[in-house]
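Got some structures for you, see below.
You will see two complexes here that share chain A, one where it goes with chain B and one where it goes with chain C.
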Partner chain A sequence: MADPHQLFDDTSSAQSQGYGAQRGPSGLGYPTASASPQAAFLADPVSNMAMAYGSSLAAQGKELVDKNIDRFIPVTKLKYYFAVDTLYVGKKLGLLFFPYLHQDWEVQYQQDTPVAPRFDVNAPDLYIPAMAFITYVLVAGLALGTQDRFSPDLLGLQASSALAWLTLEVLAILLSLYLVTVNTDLTTIDLVAFLGYKYVGMIGGILMGLLFGKIGYYLVLGWCCMSIFVFMIRTLRLKILAEAAAEGVPVRGARNQLRMYLTMAVAAAQPLLMYWLTFHLVR
Partner chain B sequence: MAFTLYSLLQAALLCVNAIAVLHEERFLKNIGWGTDQGIGGFGEEPGIKSQLMNLIRSVRTVMRVPLIIVNSIAIVLLLLFG
Partner chain C sequence: MLKKYFMSHHNLFTGHSICKKSPPSFGCQTWDNLTLIFTNLIIPLRIRSRVVMTPMPMEIFMDPEKLGINFDHIWQKTLTVLNPLKPADGSIMNETDLAGPILFCVALGATLLLAGKVQFGYIYGMSAIGCLGIYALLNLMSSSGVSYGCVASVLGYCLLPMVILSSGAVFFSLQGTIGTVLALVIIVWCSLSASKIFISALDMEGQQLLIAYPCALLYGLFALLTVF
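What follows is the complex of A and B.
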């Protein structure tokens, strides 16, 4: 092989020649003074054409993926849920642990679209649930490690188990929303965001359980369960129940009663799942 | 606590299979859940029962062909990999 300096020169100038995709035949003008195999390979006009074709195929494929990705994963809609800042995260975490004093739970709108989470503490976001989920998996690993029960595949098992419960919850709630014919603007991603808020309480419970044993775990978990229960009821009430009932006026009628039961069932499922997903981690 | 995503997929496949084998004439009509028995007028809103019947009918119609494919794949995979 030639010395490194010459090799570097060869490949860089070969690249600058070869990636001029439209100038296929220009390979003929390539300085054939160098005898290294790569330069000879790249100087061959056939392989130049092949590289040009390959790169144009790749560009086309990328274009296709970019155009169609929006059909499967709503990327633009997802960006809304990650438009957060530190102040919002702080306020939201405070709300998750102490929702009792918060008065106004309505999401502000701005010409038919809800305002980004950065500007309204009531808006759902996906940043906190995503971070809380990952932290939960890590804290579960930590808890298992302190009890000498850790092995790396258990981390994956915890993660997929929590994810499976989340999926099951989302599907069950979507099914019951369909059966009760609720006309709501609660999208699936909103639902995932709301259901992901319970991981914050779970992390708190596990950490306290690690520090102070079972008493600390039960105390903090009980507190977080109550908070999540109240939080979910107050948030979902606005989304699922009709406007009149949401303002606190009890509206008679089987339909509204059914919706109230649905809201309470969703909120009651949160503490149950919080306990179920954490009790085996604290001994 | 071994509730993984894979077991969720298996359970979902079994549930959809269960809905797909409900026979229209022999079974659903006999318990009053046939598709021609549930159409209330243009009333206010459909109750839970008619929503359920709608759901069963649409699942049976839509998932007939995909279920054949997915079931065949599942059978082959389970035969090969246990």
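What follows is the complex of A and C.
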């Protein structure tokens, strides 16, 4: 007979009615006592509740992160800049090293929105700058390693100093755009993309410097500086200067002159920064 | 039958020891304690035959399917990695499986250990950060998103050629020209496999080299660990 205080099911008798029927008398609320010690923990109603609460908490947390990450990092806007394919990247890299023969620098539009980089080689993208930045940090580590000056924290130092210069540049250009009161559709992310293109030239310079010494470094860096200068002028001219000036008609006027100077300043800053961030890596 | 023998001394249901009724002797008391311990194991074992439970340790060794480890799938994915030129099936990454990748990471650490480098921490740290970076990139580049588990799973599987490289490092030093060439070949092999699986699972066209490049950077870091 079932003892009202029994903790365990009595299966000593072969004709036990089975597990379920015996649960009634065990009024202590420990049906898990008859389970294995491991499963006892999971089947215990308290831990069931705890697990359900924990998983709902995790789901809530994930929802919160997903909702709020859109406030700080505009994911859908960023997706536009990563809609690239191999052909575009190849053409863009060619343009960065040799922009002299390219004729049409206008970005094509499709019903008020610029076309994705995949379809237009003039559109800015973030894949190349991001990859170039990471490669620059790794190549800097490699360069320091070949000179026996490497340590893992130097890598972090290089990365953060390059990032700091980039941020400074973006802020300075945004400030000057604001002061000159330019009415432009140049967004911050566009600006970051354009300013990130110089890392490609820097990587080329460092690699040549590693292979061929200082002569190779100066030659390649000089070439890349010229190319980036021309590239930036031709790209920014369409964004910052008024439409009239973009068509090639020289417009006199204080406002346009100021904008010309601004474009020239931005373009000239690129080679300077390229030299500043790489000369200490090549000995 | 064994149980009846135990129970004759100790009434499990009331908790009272039968030893109290007879004059206490040394043997009876210890027997009491032993039965108390054993009943926690024996009775559950009896009950287990009627109810489905979480598998006991012995069972897991006999039949890993109970843990969800599907050896056939692991083998299939390994074969996909080992042959980078054969186009991959998009559905193999439908279930996220971290058993294979963890096995390969441990194997990499073990072969590095054999070569004299204790770098488990670097391996785990770099894999975590690299997986995070590639997860962010893939989410931005693909039209459908990926989960972190899927990225970690693919990258872990494609670590297999790196394990081959580091086991080679046990027998001969990789710091010559041959070692550098071999390391470059292995890096290209790993990243081509990874990008092939990613573009077939995420349905991205024309972006294989673009995905292969960051994977190559990540595997290049592993190769640096192995060679230097």
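Please note the rule applied: the second predicted complex is superposed on the first by the 246 of 283 C-alpha atoms of A that agree within 3 Å, B and C clash if a C-alpha of one lies under 4 Å from a C-alpha of the other, contacts with A are read in each partner's own complex, and residues count from 1 in each chain.
Assume contacts are C-beta pairs under 8 Å (C-beta built on N, C-alpha and C of every residue); 3 or more make two chains touch, one makes a residue touch a chain.
Since we're looking at a predicted model, the values are computed, not measured.
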Checklist entry - For A:Ser56, is the partner it touches chain B (first), chain C (second), both, or none of the two (neither)? => result neither
Note to self: Touch test for A:Gln110: chain B only (first), chain C only (second), both, or neither?
What the structure shows: neither
Classify the contacts of A:Thr135 with the two partner chains as first (chain B alone), second (chain C alone), both, or neither. second
Give one of first, second, both or neither to describe whether A:Tyr178 is in contact with chain B, with chain C, with both, or with none. first
Partner touching more residues of chain A, chain B vs chain C, is chain C
Task = Go through the superposed model and pick first if A:Ser160 touches only chain B, second if only chain C, both, or neither.
result = first
Determine, under the contact definition given at the top, whether A:Val84 touches first (chain B), second (chain C), both, or neither.
-> second
**Asked** In the superposed arrangement, which partner chain does A:Gln257 touch: chain B (first), chain C (second), both, or neither?
**Response** neither
* Asked: After lining up the shared chain so the two structures overlap, which partner does A:Tyr127 touch, if you call chain B first and chain C second: first, second, both or neither?
  -> second
So the chain A residues that chain B and chain C both touch are none
In the complex, the residues of chain A that touch chain C are 3, 5-12, 18-19, 34-39, 42, 75, 78-79, 82-87, 89, 127, 130-131, 134-135, 138
Touching chain A in the complex, chain C uses residues 3-4, 7, 12-14, 39-40, 43-48, 50-51, 53-54, 56, 133, 137, 139-141, 205-210, 213-214, 217, 220-221
In the complex, the residues of chain B that touch chain A are 1-8, 45-46, 48, 51-52, 55
Contacts from chain A onto chain B in the complex sit at residues 157, 160-161, 163-165, 167-168, 178-181, 255, 280
